[in-house]
């Protein structure tokens, strides 16, 4: 049942390694800025991950949404809070976000099922 | 110096009134869902307004960004926290967001100048 | 051959039920405004569904396109009319919409094959 | 009061002439396909212009919206029908479309004021 | 291992034929302008294909990216040059492009594996 | 006549200084990656600037388009080559890019007028 979670993380890990193995300074530094951005600053990691989640959902990137859902759960964001993030994404981004919301909730359900094992 | 803030709010107010004066149930209800979404739920208003801000910036809507900057300030979001929100928007949305970031900071500076009077 | 149509509708139905089962007023009301919007108003349902179709295609949401193709067919939109909608989407949205057009036509063909049984 | 309508049409006309004066076959043909697309086909011009309007609004292009509002009015689309088009754009495209809706309604009001003179 | 490349090209070819078999002048002409655009003009085909690639990646269309990667390889664009194109897309389009970058590199690797056979 | 060019560059310079004066490491590093990306790599600066231009135009950012037009001119990109870049943007991005094309050509004309003085 959690195949999707595992497949997602394996492909993500494998391809990130492949991409960072290439000698392209701009891409490498972009990845490092990306990591830096979600570290604790004036805002805590938990808030930043919710910001990353809502941004990913209005831009309608399923993989980005899945990634930030995982990070949000690690930071203790509850399901009710997650749905509040989704509600902002839905209202700002419109009904075009609904199919992404469906896949986000399916992914969240798989994550929750996995953590209950 | 604060002309831009005032003009923005006046046009916004006038046109919202004009639009809600039209007998179109779908549009009226959309506006009411929009308001509801930023009310306190599992997340507080402050967090929701930051979510609205980052979503507006990655979708590159200057007026929406200006609106949520105002709301964030009302909720006590500091300038440093605001720049953390901007940093997530910039990294998620890319350099295409930079001109919107410039205008956002200019708007924030006008708001700050105004509140110091 | 019509597996894709069936799978799409089953996942859509199941996840909508799951999402509306959550106690989040903003999301629930958004779904209800969404439904209201396509009801007969100054424009008839048939025209509104074509509007929903073209909007979905320029925003490049395959699931939304599939949904509105089904609704358009229910409202008696012919294939020739559907291709006129596609042509507006293609010209407004550009060649980036072509892969979505391919999948839209494949979905339409499956729907047509199904209705001929 | 109708300065905005006039300025918009003058700049549009002048720049189209400038662009089509350049010897670039791809751009010229694109402009000609663009014109062709809104001619009567399986759908009438009126419906196609409403499709162009909703597509422009969800893609959030103020100039495109202004242009199609003018064309819709020429085709006899009433204000109530226009607001139905806007409602589909708003629900599909989300609150990020609201500032564009405000400017669209302001433009429509200028057009209406002009035609009453 | 090269199934993805083959499947992509087969579906693309089959659906293009299906679409161009329909009597819709606007769509047909759009496809012909699309072809014309990448022919040698003031810029050579190689440069134009890189332009098509970066445009496809910032607009986040996997199929368009796959297509232009194939064309770029035909025009002799090296892997290092391809990653330079990717770096511009990443910085302009932001981290939201990363999942598309992963799939682009996986597709490029399949193409390279195929050509080594 | 060249007021627009000058105003654009002044606001850009002033706000970049303001933004980089803030102690936000993520934003600072993003700006530095942005600069790095257009330096000579496997591709030369001239090609990279054309990539930046087409990406900016399909993402419909007027300021980004203006900036890359300036850079392209510095790198010796001719007007005919520039229109080839525009043609790719137009076909990939669709008619929604036309208003941005108009403003891009108007900006290019101002730049050209300026350099003839």
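Which chain is which? They are A, B, C, D, E and F, in the order written, and residues in each are numbered from 1.
In this section, contacts are C-beta pairs under 8 Å (C-beta built on N, C-alpha and C of every residue); 3 or more make two chains touch, one makes a residue touch a chain.
What you are looking at is a predicted structure, and each value in this text was computed from that prediction instead of being measured.
Trainee: Mind listing the chains that sit against subunit D and also against subunit F?
Mentor: The shared contacts of subunit D and subunit F, listed by label, come to A, B, C, E.
Trainee: Could you tell me which chain lies farthest from subunit A when each chain's centre is the average position of its Cα atoms?
Mentor: Ranked by distance of C-alpha centres from subunit A, the top chain is D.
Trainee: When subunit E meets its copy subunit F, do both sides use mostly the same residue numbers (more than half shared) or mostly different ones?
Mentor: Subunit E and subunit F contact each other through largely matching residue numbers.
Trainee: Counting a repeat as over half of the contact pairs in common, which of A-F, B-C or D-F repeats B-D?
Mentor: D-F
Trainee: Sort out for me whether A-B or C-E is joined by the greater number of C-beta contact pairs.
Mentor: A-B
Trainee: Of the other chains, whose C-alpha centre is the longest way from the centre of subunit B?
Mentor: Farthest chain from subunit B, going by C-alpha centroids: E.
Trainee: Using mean CA coordinates as chain centres, what's the subunit A-subunit E distance in Å?
Mentor: The computed centroid separation for subunit A versus subunit E comes out at 27 Å.
Trainee: With chain centres taken as the means of their Cα atoms, state the distance from subunit C to subunit D in Å.
Mentor: 23
Trainee: CA centre of subunit A versus CA centre of subunit D: separation in Å?
Mentor: Those two chain centres are 37 Å apart.
Trainee: At which residue positions does subunit D touch at least two other chains?
Mentor: 24, 26, 30, 33-34, 37, 41, 55-56, 58-59, 64, 80, 83-84, 87, 90-93, 95-96
Trainee: So how do the chains connect up here, line, ring, star, complete, or something else (other)?
Mentor: Contact pattern: complete, every chain touching every other.
Trainee: Hey, which residues of subunit E end up touching subunit D in the complex?
Mentor: Spelled out, the residues of subunit E in touch with subunit D are 24-26, 29-30, 32-33, 36-37, 41.
Trainee: Hey, which residues of subunit F end up touching subunit B in the complex?
Mentor: Those in contact with subunit B are residues 11-12, 15-16, 18-19, 22-24, 26-27, 30, 34, 55-56, 59, 61-64.
Trainee: Show which residues of subunit B lie in contact with subunit E when the two form their complex.
Mentor: 58, 90-97
Trainee: Can you name the residues of subunit A that touch subunit C in the complex?
Mentor: 60, 79-80, 83-84, 86-87, 90-91, 95-96, 98-99, 101-103, 105-106, 109
Trainee: Which bits of subunit E are touching subunit F when the two form their complex?
Mentor: It comes out as residues 33-34, 37-38, 41-43, 47-48, 50-52, 54-56, 58-59, 64, 78, 80-81, 83-85, 87-89, 91-93.
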